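Several structures are given next for inspection.
Shared between the two complexes below is chain A, which pairs with chain B and chain C, respectively.
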Partner chain A sequence: MSNADTLTSPARRRGGGVGDLLLSELALLFRRRRTWALLGALALIPVLLAVAVRLSGSGGGPSFVGDIAGNGLFTGFAAITVAVPLFLPLTVGVVAGDTIAGEASLGTLRYLLITPAGRIRLLLVKFAVAAAFCLAAALTVVVAGLLIGLALFPVGPVTLLSGTEIPAIDAVGRALLIAVHVAISLVGLTAIGVFISTLTDVPVGAMAATVVLSITAQILGSLSQLSALHPYLFSAHWFGFGDLLRDPISWASFGDNVVLQLGYAVVFGSLAMGRFVTRDILS
Partner chain B sequence: MTSSGLAVETRGLTKRFGRHEAVSSLDLSVPTGSVFGFLGPNGSGKTTTIRMLLALAAPSAGTITVLGSEMPKRSASVLPRVGALVEGPGFYPFLSGAANLTRFDAAEPGTSSRTRSARVAEALARVGLSAAAAKKVGSYSLGMKQRLGIAVALLSPRDLIVLDEPTNGLDPQGTREVRSLIRGLNADGTTVLVSSHLLAEIEQLCTHAAVMRAGRLVAQGGLDELRGATAAIEIVTPDLDLAREVLARFGLDATADETSTGDSTPRLDAPLPDGVLPEDLVVELVAADVRVRGVAVRRPSLEDRFVELTGEGFDVER
Partner chain C sequence: MNPSVKRWAPFAAVPIIAVAAAIAIPMTTNAAQDLPEKTPQQLLEFVADSDVTAFSGEFTQTSDLGLPDLSSLGSGSTTGADGDGFMSALVELATTSNDARIYADAEQGARLQVLDQLDERDVIATADDGLWIYDSGEKTALHVTHEGSSDASTPPADVPTPSSVAEKLLDSVDDTTAVAVGSNGTVAGRDVYELVLTPRDETTLVGDVTISVDGETGMPLGIAVTAEGASSPAFSVAYTSVDYSTPDSSLFAFTPPAGVEVTEKAIPADAHSDDAAPDDSTTPGDAAPEAPDVTTTGAGWGTIVELAAGEASASLEGLDAITTPVDGGRVLSSSLVNVLITDDGRVFAGAVSVDALESAAR
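Up next is the complex of A and B:
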């Protein structure tokens, strides 16, 4: 059977790798104006912070914001702190919620599946692309923060939470490490968003549901009555990047976060597959 | 591989949406190498059937064989050999026509990225969209989108092409082009399954057809078989009685057409059995001094047959 297949269509059987599809979908993500609008909005956060501090002349406000005037590098730390609870989940919700439902609503899903992209293969690629967006989003906030800080304020060595002073270049490294931590923190939410996206043909619905869940998780995380639940919330380590600002770096929170997010990815990835593999595509 | 000679075969194929049965125990047989018209009014279950053939939707009951393999079980090996347009085209409006095709081509496992742009250009050329390749699909007319949808089906060589209402939104010129495209594909050996609610658009194209009505198959077979062989001959002559005598010698039972009015010449109508050639009749009529002013042989059109089969014809039924 497969022999006959190979004979009738020699050029077509090179296995079912993910490569071309992944590259094509990644390129598509970064070709969309919407992606750049989201990243642009994220980049605006440190810019607004820095300009506000510059105009008012001094600090106060949430953590790190007070330090910006003294050392521009703090703009990166301050911006990611501000972006984590709402703005980052919002953009991730948009991208993850759109993965499958967006294709369904455009009518492209049926053509991808007829092609055949393969349901599991398509889902894995869509998840990977949404995860790549998480990294792009977190990096955008941090890098835009460092750049605007560099432009508007003096820059110098940074005193860590543990009291040690590290040179400016090392502080940049720490900032990028924080971006990686935050990106990983958002993988669980991404998996949830992709799962919700397999449930509907209405992308806006999937996006909204994902964002609402991200807020719900944080509210649950703030209720001390539910403290037994806290370590298992996907938002448990969203602010855990303080440990990366110690000397030596305390990796415990980073590692716990990786395990937690992997767990969410496995659970919701399996749910998404279970749903998507058996689902009738009627869009 | 297709030992049965069928490109598509379904047995007892059924699809229920809740309590509503959209497709009911369908036994479809699409011969390999045919152009198969899948006809029926809107809502008669054509698209739902096609979705099941392409493993987009799971049957509620019944079996499907496409290109000799069971679907949806073998879809990974069957679908690369199938191209399809289902329920209208679907594209990213902000990408160009070429970029949209490139994306679908990249989604197909095992396609070579080296020859991708050549395949895309070739598919665009075949549907006459080369000039619009770089334009955003959002700016395409409905007809252009429809053609681009057909181009997706043509990206790789296929053994079976399924086109669901391919002439939707096309002008008469575009409809003609799609017809000649289908003929060309079929001449290259591709089996084409084409659905339509407009019989006239594909009647001239098909070698075989199936007619759906409210989820059920009401007729299926070769086109002549479907039409019914009974042709009729019409003879325009003032010598009715004489002509009737001559026709009776051939075993034809003629009736005068009383509807003719005014100064128009009377006519005779008679069913024309197989084996009786109209030219022999004319020779005999003339030899018997019948003043023959006109002869016509009419086969009942498929349309007539369909109105018969589908009751009220091609109206939405539920």
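Up next is the complex of A and C:
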């Protein structure tokens, strides 16, 4: 995780308003080799899935994987199903956990705070950039899945869960909608990651804690004894994207998910602000 | 005041408000509403006169019978597309929660969608195309047609809808049941009357049954069964949203997609009425199709259902781990329903105590 190349980046020293700061932070994130490595690893999931199905030539397996051989567009659905429980939270944990703690460990945090943006705005910008990564990550999985499916398998009308067939172009639209749902689903985890990142100067600790929390939430979500708690877990609607593959689309879980993630963003966002505003910046 | 505490205060207040709102908002939605007062008798007639013929809605069914999770014992598919649906559908109803959508139109038919995570089970009943049962996970479809008759469509009965269960219950209201009007509430964003049915029968485990009736249309929107002495419902179905406009006709046309294994099944016209779900039962799950031979003893709330030795006991074999041995058999006990499996393979079930089941078995 060498950030040596980013230290000399002129963009971040430019200062100015929130817009400039946001642009420079976005550019910083997406110029990083680590970000591309994370996105590349995510893109590998559908490629591996498609190649495995192509080589073995057999159906069956978990949701959607068995459909890939008949219709390449299912690679996108299968890949996002595989990526949601572990790979996406892992990459989001890395990015969100690094936001503040990464700057602190490199000693660049105090320089960032010299800009007139102020601590709260810096935190908001850092959160927005991490949320943008969520969207990029989800889109990477889905788009890579659609492309590799297009390359290796025949493509045709897609059968929805309700048994209705829709044209291939509509299915691509639904796949992109799924990417949006999954990206929104990860906003709560991002807020938690940013909060943990304000607590420490050790970015690896914040990353690990975020990823562990995402796994803990899913374990709690699988215990039927805790069913009263389930609707409040940030992972409650992680697999709710299936509702976008019904006819007609069931928007209930999409809406519930937006409210839930917004709640997490507000709660952990303000905790992060409270911590970040009151903390002594020593590095 | 400590300066760091002072600076923390506004940031700490926001999460507290957010958490308080998350707890408080669901509670306030059940506040009492203004509806014209009705006596129990008027309310029963209101429901009977309800003229809703077309609607769509999403509903949730939950069961909290104090049973362990039996999902590993079921055969996975519970739509009955493979013919052994009855017992596994019962087991599923008793132990899990389901989200489902219903589209109904008296002129076109009805469609039920059970919304499983990343899967879906559909039941589509229309007057001219018979009954379709589709399972997206198993990739199977069952097409049931009635030979020589195309009269009334069979209502989808695999998962009880609030309306079908409530109407069934209200049909059986007689002098064994005390009917009262409870406090008004809100279901699916609509003001509802609450009709509380309390069994007069001392032997039953059912404490009371609460039926929520739409204050405008008279359609039952929710039903909750509470066991004797319990505070929260053991079984409930309630709409989370409901819409009284006519559903799109394309929803009732079903063509099995490519790659789906279709089973055709024709039922002779005269067997049609015998095939209906058994009545006189207080267990909503009994509405499942393809019931094995059933005899009932007792009446009203204390009814005991007896399944003949044979097919039913075979599908209950896996239950050994969670049943307790009693004199002459094994008992599966829950807060609302008890099941006695005798040593000779007969199965007795009812919302009554184990003692009552044992005496029925003798």
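By definition in this document, the second predicted complex is superposed on the first by the 265 of 283 C-alpha atoms of A that agree within 3 Å, B and C clash if a C-alpha of one lies under 4 Å from a C-alpha of the other, contacts with A are read in each partner's own complex, and residues count from 1 in each chain.
Convention: a residue touches a chain if its C-beta (ideal position, glycine included) is under 8 Å from a C-beta of that chain, and two chains touch if they have at least 3 such contacts.
Just so it is clear, the model here is predicted, and its values are computed rather than measured.
Student: When the two structures are overlaid on chain A, which partner does A:G163 contact: first (chain B), second (chain C), both, or neither?
Tutor: In the superposition, A:G163 contacts chain C only.
Student: Looking at the overlay, what does A:P85 touch: chain B (first), chain C (second), both, or neither?
Tutor: It touches nothing on chain B or chain C.
Student: Who does A:G205 touch here: chain B (first), chain C (second), both, or neither?
Tutor: Touch status of A:G205: no partner.
Student: Determine, under the contact definition given at the top, whether A:S224 touches first (chain B), second (chain C), both, or neither.
Tutor: second
Student: By residue count, which of the two partners contacts chain A more extensively, chain B or chain C?
Tutor: B
Student: Look at A:T278 in the shared chain and tell me whether it touches chain B only, chain C only, both, or neither; answer first, second, both or neither.
Tutor: In the superposed model, A:T278 contacts both chain B and chain C.
Student: Tell me the contact category for A:R246 with respect to chain B and chain C: first, second, both or neither.
Tutor: Touch status of A:R246: second partner only.
Student: Can you give me the overlap between the chain B contact set and the chain C contact set on chain A?
Tutor: On chain A, the residues that contact chain B in one structure and chain C in the other are 278.
Student: Per the contact definition, I'd like the list of chain C residues that touch chain A in the complex.
Tutor: The contact residues of chain C facing chain A are 4, 7-8, 10-12, 14-15, 18-19, 22, 58, 69, 97, 101, 113, 115, 117-120, 122, 134, 136, 141, 240-241, 248, 251, 254-260.
Student: Note which residues of chain B are touching chain A in the complex, please.
Tutor: Those residues of chain B that touch chain A are 1, 51, 54-58, 69, 75-77, 79-84, 86-95, 102-104, 106-113, 152, 156-157, 159.
Student: For a test of understanding, state which residues of chain A touch chain C in their complex under the given definition.
Tutor: Against chain C, the touching part of chain A is residues 63-64, 70, 81, 159, 161-165, 224, 227, 232, 239, 242-243, 246-248, 250, 252, 263, 266-268, 270-271, 273-275, 277-278.
Student: Using the touch definition from the top, list the residues of chain A that touch chain B in their complex.
Tutor: Chain A reaches chain B through residues 1-2, 4-5, 8-9, 11-17, 20-21, 23-24, 28, 31-33, 106-118, 121-122, 278, 280-282.
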